[in-house]
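Chain naming follows the written order as A, B, C and D, and within any one chain the residues start at number 1.
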Amino acid sequence: MSTETLIPEEPEAPTNRPPSMRRVKLWLQRPYARKILILNVVIGFLLLPLAWLLLAGMNQTGAPASEIMKDIEQTVFVFTIVSIPITAFVFAVLVYSLLGWRHVTGDEPPMQDSPAIRTNRIGVILWTVSSTLLAMFLVVWGLVELAQITANSFGSIAANEQPGQKSAEIINVTGQQWVWTFEYPEHNGLTSDVLYLPLDRPVYFNVTSKDVIHNFWAVELGVKVDANPGAITQTGVTANKLGTFNVRCAELCGMHHAYMQTQIQVLEQDAFDSWVRESGGKKTS
Amino acid sequence: MARRSRLGMWFFIVADVAGTIALVISYTYLWSLNVNGGWAPPGATLTASQTNTALPTTPPTASFAVEWPFWAILLVVVAATALMWFGYRSARSGNHAGLLIGAGLSFLVTVAALVFQWIQISTFPFDAGDGAYASAVLLLCASNIFHLLLLLFLGMGIFMRARKGLIDKANWYQAQLTGYYMTWVCVAFLLGAILTTFLVVSPNTDPAIFGTFKQQ
Amino acid sequence: MSVDAAVETKTVFGSEVPQPPQHGAAGGVMRRLNFGTGLVGGIGLATIAGWVTAIITPSSASSDTFAPMEPTYVYLAVLLGWFIGFMLGMGAFVGPLRWVVGRDITHSDAEYMAGKDLGRKRYWKYTTDHKVVGIQYLIVAMLVLGFAGLLAMLIRTELGMTWTSLFTPSFYNSMIGTHGIAMIIGMIVIISGPLGNFIVPMMIGARDMAFPRLNALSLWLFVSAVPMLVSSMFMGGIQDGWSVYYPLAAQAPPGMLGYQLTIIVFAISTAVASVNLMTTILTMRAKGMTWSRTPIFVYGIFAASVMGLYAFPFFQYAQILGLSDRVFNTSFFDPLNGGSVWLYENLFWLLGHPEVYVILIPSMAVALELMPVFLRKPLFSFNFAVAGIVGVVALSGLVWAHHMYMTGWAPAANYPFMLSTELISIPVGFLVLVAIGTFWRGTAWTRLPLMAVYAVVFNKMIGGVTGVYLSDVPADQYFHGSMFVVAHFHYMLMGAGLFGAMAGIAFFFPKMTGRFLDERIGSIGLWTAFVGFQITFMSMFVAGLQGQPRRVLDFDDQFNLSNWISTIGAYVIGIGMLIFLSAIITSWRSGVLASSNPWGSKSLEWQTATPVPLENFPVLPVVTDRPYDYGVPDPYEVEFDSTDEDLTEKVGTK
Amino acid sequence: MKKFLVTFLTVLLGGAIVAGVGVFNAVQGEAPPVLIANVVGTKTAPSGEEMPHAELYLDVYPNSSSQVPQPETKSPINNVLLDGQPFFHPSTSLQVPSNSLVTIHFRQYDSGGTIYNPYFAKVHGTVDGKMKWNGKEVTEIKPDEVGHTFTVHQYPESTQPYFFMSIPLPMNPANAKTDKMGYPVDPQIISVTFMTGEAGSYVWNCEFPCGDLYQEFGGPMQTRGWMAGTFDVVDV
């Protein structure tokens, strides 16, 4: 191999080259610079509504019905906002390179070459720093949110110990081809094909499967975890909204995968208790 | 040409290493999980899996494999490799007889290793259906056989070509590349022997019972 | 006849070193073998093997789960018979066997295998010339992609007809599985195969690949795998998605064998091709082509080869384990007997994610390769492009488990994998920076290849941003397994990958065929496909946001609208792709003749004649400068050399 | 212009191929003929009101025979793979009237064993939560004596009423007297009555592992016409 480094030798900078800040000022005075920046801002503002449209899409069937789902939507919203400027900048350059800067057609290669910009220290540094900062922000945000969601899912366990707290309702979720069954072990094994949840009360799910992999997705509650054969996965949630929501299977599980769905009924505590009584379970504490 | 071939052989070894690593991962992962108490062959250790009706009934005679054959076969393969390197050195120093002897013996010893491997597989105290341990060990042996067959091919090639005087000072590298590959195969055998010797009884003593919310 | 000394010392094809003394006669059976004999051998041996197996298998044979095993055994025998017979008939085993017995391929044989003076016939033979292999790869890859596209049309039709169900659920599932894996295989090949084989050796100034016979081997292994995949459709199909998760795959009909053997063979083909490309690039670059003078496309192909080499064996062994589960009743992925479903998921995604970059990096690289030619300016910040590619390769092996956030295999592992996954956006960002930096102030020569690059960068941005949601565990908790994921990876693999391939093919078409790709028809096809693409997958994003799971053939009314629109868009894509295909066909047959360097490019592959002579270069070139040496001094920068106070006005009034 | 002709033909040909393959497979995958439950009069619902009453007869056979032919399928591979597998007779595409009482009479000829999930050894979704088994009314059967189940569940439409019904079909004892076809002479007779609501389309399948391959849930369990099908509630 050659002993040469990867970096192509930079052209020697002239001694009377103005300082960086001045060069930026000069750069801003170039005819295309302002146009691109304006274009960047315009496209950015055109993209901005996306942040709300995404949430509108997610909220169609009554989400968010839990803190977890709120966190998820918050994350989506923030990520959209922060990624808009850089996306808008790239789009602005694409548009301007087609409409702003010269372009030629024809069968022969253009006679006149473009400026030989081999690199641009300021531009490269700006991009690297901003993209790194962006990535770091996303990582940190993600880690914090993940920790919070984990706390929300498993807070139900902690709630058991805390005095004065409403104790957690434990539900054993069984996926099998192609139905869900929900067992309430605290109510002498009362089992149901519809998921009944008490309002504002932590619920703790044990999830497993009797045959293949399924994925227990309580859509509007933002709960999702695989139901694995031969293993028990755990999650939890506190439903804070009355209504009828969806459980869908989000992992291909065979012929009737599309039909492996059922309802979630979030009930007031007393309505939940009376349901338990009617369907043969003991009265809840 | 020699440099090219050497690079090519190294890259092929990289691919082979990745595949072997996949096998090692499978063995250790299943060993550590002991899903549904199904790692050990039934009868080897009395896990609660017997109480689990979901398990198909299997002969209670099955048990873990004996360790020493793995090491014995490893020794044989190492011998074959050493002979091949001896042959390569001879070729390098122009000693044609040495090359012939080294390559020829290496080929014969490889055949012996293949025979041993086959005997070991046919005398395992379990068959493919007896849980994850049986599966993992059998596939390790299968990959061993695959490697030995490749060695047979290479060894025969080197021997035949040596007889025709095709491997001389000009292109000794073919013997050298064979040596490289055989050395890697030794490492692969060593990995198998280590796994089957030191990772036998699963550390997970209370796996969840399949399809239920109970631990065993 | 024995070869005389004059031939011995001559440079033997593809290498400049003298050969060992030639043993054995030239000619022999291998000169009579071709694709026809391959088909005969394959079909013949398949028939015999299947027939024999059907006889010796007791029809009562069944696994311990009462599965009738006879169809399985027969189908397995047929597939293996096809594979061995086909490779035999192609003459793949001639070289190795002659090596063993010490009757090396003679010089004249080597030249014959290189297709010397064979005319069109060489495209139907086990030809070692890298240019022939490149063309063969192009044709086969386009066939595979066409097959997968056909399935895509059927899938969208089913999803569009929300008021009725056109196919049975089983057939629908097998369609999505086959569509997925066929597209993945085709996309992996479509750039590294044709352009990697045809262009790279010329680009680095070599006479051929390092191992010409391995080159042919990799191609014909790939070819032999295709019928296996298609045949599985007739054996019950692959009903488990392209990632055939176990244990669902253990319930699939025998068609699963077709998938498993396809992957096992294709992985060998990929390993062979990767070894060949890497060795070629490392050892055969022209004099003076240091790493800083190596074109970026070579870097891209090299990176793809590295990732393919270390990642594919995991996938291959996953399928081998699955095969032994099905045939020998082992229990690697059978949780009843101690197998683990997470083991399969880990092995699968250890390939699964690097494979995404195996597809993406070459397409980005070919885009960056052709931009300087059409913008008449050097590649912006070459070393950042290299750094981006190196960074992606380095991180590619550390992010696989972001496909497994929701499986619960190791909740604690989600934190590090989220970290590594979001870090990978930085090197990918470098590639985008290089792209827009090269657009910067360039005079765009708006020919088809460059216009395709605009599409690539646009789609890549959308795919990248939506990827950020999925890389983040909380957001993934909603999006995982929904249509949102499908739309995202189609933006990456199709929007960036396939459009990049179209750009590359359009760019290198004159060198490969001697004719221009028809500008008008090609552009119409490209932009039709582009528009359809946006319609299809934008509305698929919407369906995902609303919460439609993926791989469902039937769904709630609330998803109807977005699925209808998506289907219409899919038809537009189909039409666009067919138009582009017709452009390729017509231009190949009767396109405008192109000179040897029609784009006025400065890199090596364009400096040789078209059609390219057998050993590419009459004399091996010597590289004296960096690639992409286009462009005039920057007027703005020039003025700094004559700095005075009214510089500001001068620049301002420019 | 010749080029554009080629383009046009390419698009045409491509479309034709797609359409051809699509139609071919659509025909191959045709659902079995619809079995309609005809109204045979009226019946009194528990609520006391008179409702139209429809009846439906379904048999479950362990395998095909000269008497009971295998469900017809146009895909050749199914004939090979599903030969000798259990199936519902005469059809699995069922259609019942809406807002009425429907009685299904099952004759179960198959053997059986233990079901994975005891929940499906109970009766769900009938008018009184009971089913009539060989003359006596029961609400559940022993989980280790299940032959098959008839489980109708939610189709992914929020616009139609939620509907869930699961009927366990008891197994025939191993020592049951069989005729020359190998079928029990007196099969298990089960009849259930349930109330349908507004129109809607649902799917049903058997929840008892009676297929092949892993967990015995492959083959017939995943093929409409054998152990799964559609269940449409329509206005008459």
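Quick note on the criterion: contacts are C-beta pairs under 8 Å (C-beta built on N, C-alpha and C of every residue); 3 or more make two chains touch, one makes a residue touch a chain.
All values reported here derive from a predicted model rather than from experimental measurement.
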Looking at B-C and A-C, which pair shares more C-beta contacts?
A-C
Farthest chain from chain C, going by mean C-alpha coordinates, please.
D
Whole-Å distance, chain B centre to chain C centre, using C-alpha means?
32
How many angstrom between the C-alpha centroids of chain D and chain B?
50
Roughly how far is chain A from chain C, going centre to centre by Cα mean, in whole Å?
29
Return the distance between the CA-based centres of chain A and chain B, expressed in whole Å.
44
Residue list for chain D, restricted to those that touch at least two other chains
116, 155-156, 158, 214-215, 217, 222-224
Where chain B touches two or more other chains, by residue:
35-36, 210-211
Please output the residue numbers of chain C that touch at least 2 other chains, ranges allowed.
169-170, 239, 247, 251, 335-336, 339-340, 342, 552, 554-555, 558
Quick check: in the complex, which residue numbers of chain C touch chain D?
62-63, 65-68, 71, 150, 153-154, 157, 166-171, 234-236, 239, 247, 250-254, 334, 336, 518, 521, 552, 554-558, 574-575, 578-579, 581-583, 585-586
Sort out for me which residues of chain D touch chain C in the complex.
2-4, 6-7, 9-11, 14-15, 17-18, 21-22, 25-26, 28-29, 31, 77-78, 80-81, 83-84, 155-159, 212-219, 222-224
So, in the complex, the side of chain A touching chain B is made of residues 172, 174, 185, 206, 208-210, 229-232
Which bits of chain B are touching chain A when the two form their complex?
35-36, 207-208, 210-213
Chain A partner, complex, touching residues on chain C are 169-170, 173, 239-241, 245, 247-248, 251, 290-292, 335-336, 339-342, 373, 375-378, 380-384, 386-387, 406-408, 411, 414-415, 418-419, 422-423, 425-426, 429-430, 432-433, 436-437, 439-447, 454, 457-458, 461-462, 465, 468-469, 471-475, 477-478, 480-482, 542, 545-547, 549-555, 558, 599-600, 626, 630-637, 640-641, 643, 647-648, 651-652, 654
